[in-house]
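The structures considered in this document are given below.
What follows is chain A paired twice: with chain B in the first complex and chain C in the second.
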Partner chain A sequence: MKLDPSFIWTAFVKLLSAIPTTLEITFVSVFCGLIIGTITALARIYRIPVLAQLSSGYVTFIRGTPMLTHLLLIYFSLPMLIDGLSSEFGLGWNSARIPMIAFAFVSFSITAGAYMSEVVRSGLYAVDRGQMEAALSVGMTTPQALRRVVFPQAFAASLPNLSNSLIGMLHGSTLAFTVSVVDLNAKAQIVASTNWKFFEAYLAAALIFWGLTLLIERITAFVERRINVYNRGGVA
Partner chain B sequence: MIKLRGIRKSFGRQEVLQGIDLTVEKGEVVAILGPSGSGKTTLLRCINYLEKPSDGTIHISDFSLDCKHAGKKEIHALRQRSAMVFQQYNLFNHKTALENVMEGLVIVKKLSKDEARKRGIQLLEKVGLGAKLDSYPSQLSGGQQQRVGIARALALEPEVILFDEPTSALDPELVGEVLAVIRRIAKEGITMIIVTHEMGFAQDVANHVVFMDGGVIVEEGPPSELFVNPKEERTKQFLKRYTPEFSYSI
Partner chain C sequence: MEYGFDIAYVYKYVPKLLSTLDLTLLIVAGAIGTGLIIGLLVALPRLYHVPVLRQLSQVYVSFFRGTPVLIQLFLFYYGLPEILKLIYIDVTKVPVLYFVILTLGLHAGAFISETIRGAVIAVNRGQVEAAYAVGMTGYQAFTRIILPQALAIAVPVFSNLVIAMLKETSLAFTLGVMEMTGKAQSLGALSQHFLETYLSLAIIYLIISILLERILLVVERRLQRHMRRDTPNRNWLGIRRWLPLRRLTQELNLDKKEVPHYEA
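Moving on to the complex of A and B:
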């Protein structure tokens, strides 16, 4: 078999149509994961009874099992759950109508949530205790203090880790093809098998992933510069 | 008027405040002195509930709170009646000097941004930082940061401003500028409680001096008495380290 350089370009163009799906999966799961992660991190930091233990259990179980397993577990359990609820309460739902990508959204959000929980927790710990005290002494309520003072600084502190997680989820989103979602990687496989030019197609996919990753890196670097104007840097 | 009655606080098994009674009249400047670990900072932090007292009552003018049965609402109401100036400044790091002063006005006092800005600029000019409005805390010296902290506390127009060793983290050259600002606002009749190690300053600015040790108030009185003629042996011993035995200057 010989390398066909021109097919790399052909595949590249064909793959572009799958970028929105890949980005959609990535951003939905990172966004939902950030919300789950924030709630679980706060529950653990404030040692809220029951919720804190549940959160810790969630984090160790999800981080202790592969992302692909989460996807399969959701893929096989969610329809049962939905049909079960539907027949129990006569809701008229039908699991067959769930779009495949929804399974990816749900399961990857759960995956991302566990990793984000640690990212958010470290970010919150990076904010000096005195910041919270100052906010309270000014007369803010705890939620106001969190929103106005703690979260913005925690976000700035966890930005490098957040971008790490975002990149991880971008690459992890390729697993969605196991539940027949046509993401970038799946598209590459389709393009490759119809032409029998696997290497070229996957190389094109790799280049696109790299490009997207570079973009994420650039954007976070930009945001970091903007958001960290107040910070003169740590040890450097 | 501020009245503390029977304030107790324990950390684990150690009782660091063993029933403190203290009355501060409106417009009075009270200095709390004492060795490290005497409970003076804890007492100050109890007044605005950064530390939760285990027992006692706190009255600030018309508002009173029973520490045993304090709910979130009461605590919040209590905090709005006081403001704190911290040893480590604790300015909001992600906000400029002006934004630091505006924050409480906009979020807590619900002033419009324009009004808050006007008031913020006024106050920062008052503490001598009119030229540093848009500087972040990391761009300011310790003394400047503390003056922003004072402006932030003043902005809230609280019944009392609590100073927790406001100059302890500053190098000697910067202490003066902060003390000068505190001295100036003391003259305006704002009620203040100051925990400090600056004996000369306490003697000079305070109307009332409290000496604490081991979680109790050992002695209190006007500075002219407490510094010159302390009654308790422990007070004498403590002051000896700070004041020269005799001063021959005329």
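Moving on to the complex of A and C:
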């Protein structure tokens, strides 16, 4: 087994085909997580009786356990749930028909939801209370005030955290290989074991992840500059 | 795959999984210990603007923060022996556990160095100037003045890192280390009751991370005891909150304590 620098490039090219899967898992989970996170954050901020307690329990549980256990729990419980429901009501569903990637979507969305909940909550708390009061006093309803006044400012405030979560989910998506989804990591494993060149293949995968991370950081920095335009001082 | 969910397995497996808890905690402690040393070494060139080392440490931090832990684990597990073979060091007999601790330590080191850097920068510059003004050397100023204050700032971030590290140890099973997740997988495979096994695994992780959080909160309070809050001790109704007796006496004795005694 000798080091083969030229194989890094070969592996790099082979791995490119797996990037869409990785990005798909990342974006789907972050998007669904954002929705879950917003709902749970609002429930906790407005102290809606039962929902608030449920939300904080959910956030505590998910943030206190590794992402891998969420994936494995979903992987083994979802088929049971679906088969149980289908035999109960005669729906004709079959858990075997669920594509593997769906488990990754569901479980990573749940994971991302808990982290997003904290991001959204801190973002909403960062918006001055007077903004909401001013919006209500000019006659907006609460949903209007949230959508038009509070959310844009909260988004700007939580952008750094959002980008960190996005990068976290990008890195977390490597776990999808445990449920045999062929993402970047799984592809690297395949390329490595078929050619018996582990180091080179993983180095190529690491370089791709590094590049993607830097790209996300750049884009966030750009968006941050654009989105904070309203917030700058001066007169013009 | 027809079997019912049996809650009895959850209770049964908790003690079995707890038997491998020491290994998990060993990985956490080893990785955080390694990370602290590496993090400090990596943060120093950037804090003191050492020319070449600064760029190197920047690349190191960027790489370890920019790639997934799982990839890093595989990279070091497969790559390190090959690289060390080039300089005729044979590490093929070294247990996997050391690779895991080293990799997680390097990973933690990148985050810890950023934490240290942020905390040191957050300490008021006047503090170090004052230290120099009373005649301290650079080393004295760092260890006596900057470090205690920076520690207090860094501890909340640091405790997050420790808890994140606890969760990252679950990845060690991919290299075949029999820590809690690895144990859970083999237990599950043995009984075919995967769901119950992973449920008890999740419960253990949850309890450990809550415990760690509590312990680190105590440390945090202790390290931050020199930071008096500037905000008056009033809530929004204007009623003075109940003060613990110790804090009250501390506050009363403050003017006596702050008279400095310099001995020649």
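Going forward, the second predicted complex is superposed on the first by the 232 of 236 C-alpha atoms of A that agree within 3 Å, B and C clash if a C-alpha of one lies under 4 Å from a C-alpha of the other, contacts with A are read in each partner's own complex, and residues count from 1 in each chain.
We take it that contacts are C-beta pairs under 8 Å (C-beta built on N, C-alpha and C of every residue); 3 or more make two chains touch, one makes a residue touch a chain.
From a predicted model like this one, the values you see are computed outputs, not experimental measurements.
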Quiz item: Aligned on chain A, chain B and chain C: do they clash or fit?
Solution: fit
Quiz item: Of the two partner chains, chain B (first) and chain C (second), which one does A:Ala126 touch, if any: first, second, both, or neither?
Solution: neither
Practice problem: Scan A:Leu203 for contacts with chain B and chain C and give back first, second, both or neither. | Solution: second
Practice problem: Could you look at A:Thr174 and tell me whether it touches chain B, chain C, both or neither (first, second, both, neither)? | Solution: second
Quiz item: Given the touch rule stated above, what does A:Ala221 touch, chain B (first), chain C (second), both, or neither?
Solution: neither
Exercise. For A:Asn231, select first, second, both or neither according to whether it touches chain B, chain C, the two together, or no partner.
Key: first
Quiz item: Who does A:Ala134 touch here: chain B (first), chain C (second), both, or neither?
Solution: first
Exercise. Between chain B and chain C, point out the one touching more chain A residues.
Key: C
Quiz item: For the overlay built on chain A, what is the smallest gap between any CA atom of chain B and any CA atom of chain C, in Å?
Solution: 8
Self-check item: Contact residues common to both interfaces of chain A (with chain B and with chain C)
Solution: none
Quiz item: Contact residues on chain B for chain A in the complex?
Solution: 48-50, 76, 79-80, 82-84, 86, 88, 90-95, 103-104, 107-109, 136-139, 152, 156
Quiz item: Tell me, which parts of chain A touch chain C in their complex?
Solution: 1-3, 60-61, 63-70, 72-73, 76-77, 79-80, 167, 170-175, 185, 188-189, 192, 198-199, 202-203, 205-206, 209-210, 213-214
Quiz item: If you look only at chain A, which of its residues touch chain B in the complex?
Solution: 128, 130-131, 133-141, 144, 148-149, 152-153, 156, 229-232
Quiz prompt | Touching residues (chain side chain C, partner chain A) in the complex | solution = 1, 5, 62-63, 65-72, 74-75, 78-79, 82-83, 86, 163, 166-168, 170-171, 181, 194-195, 198-199, 201-202, 205-206, 209-210
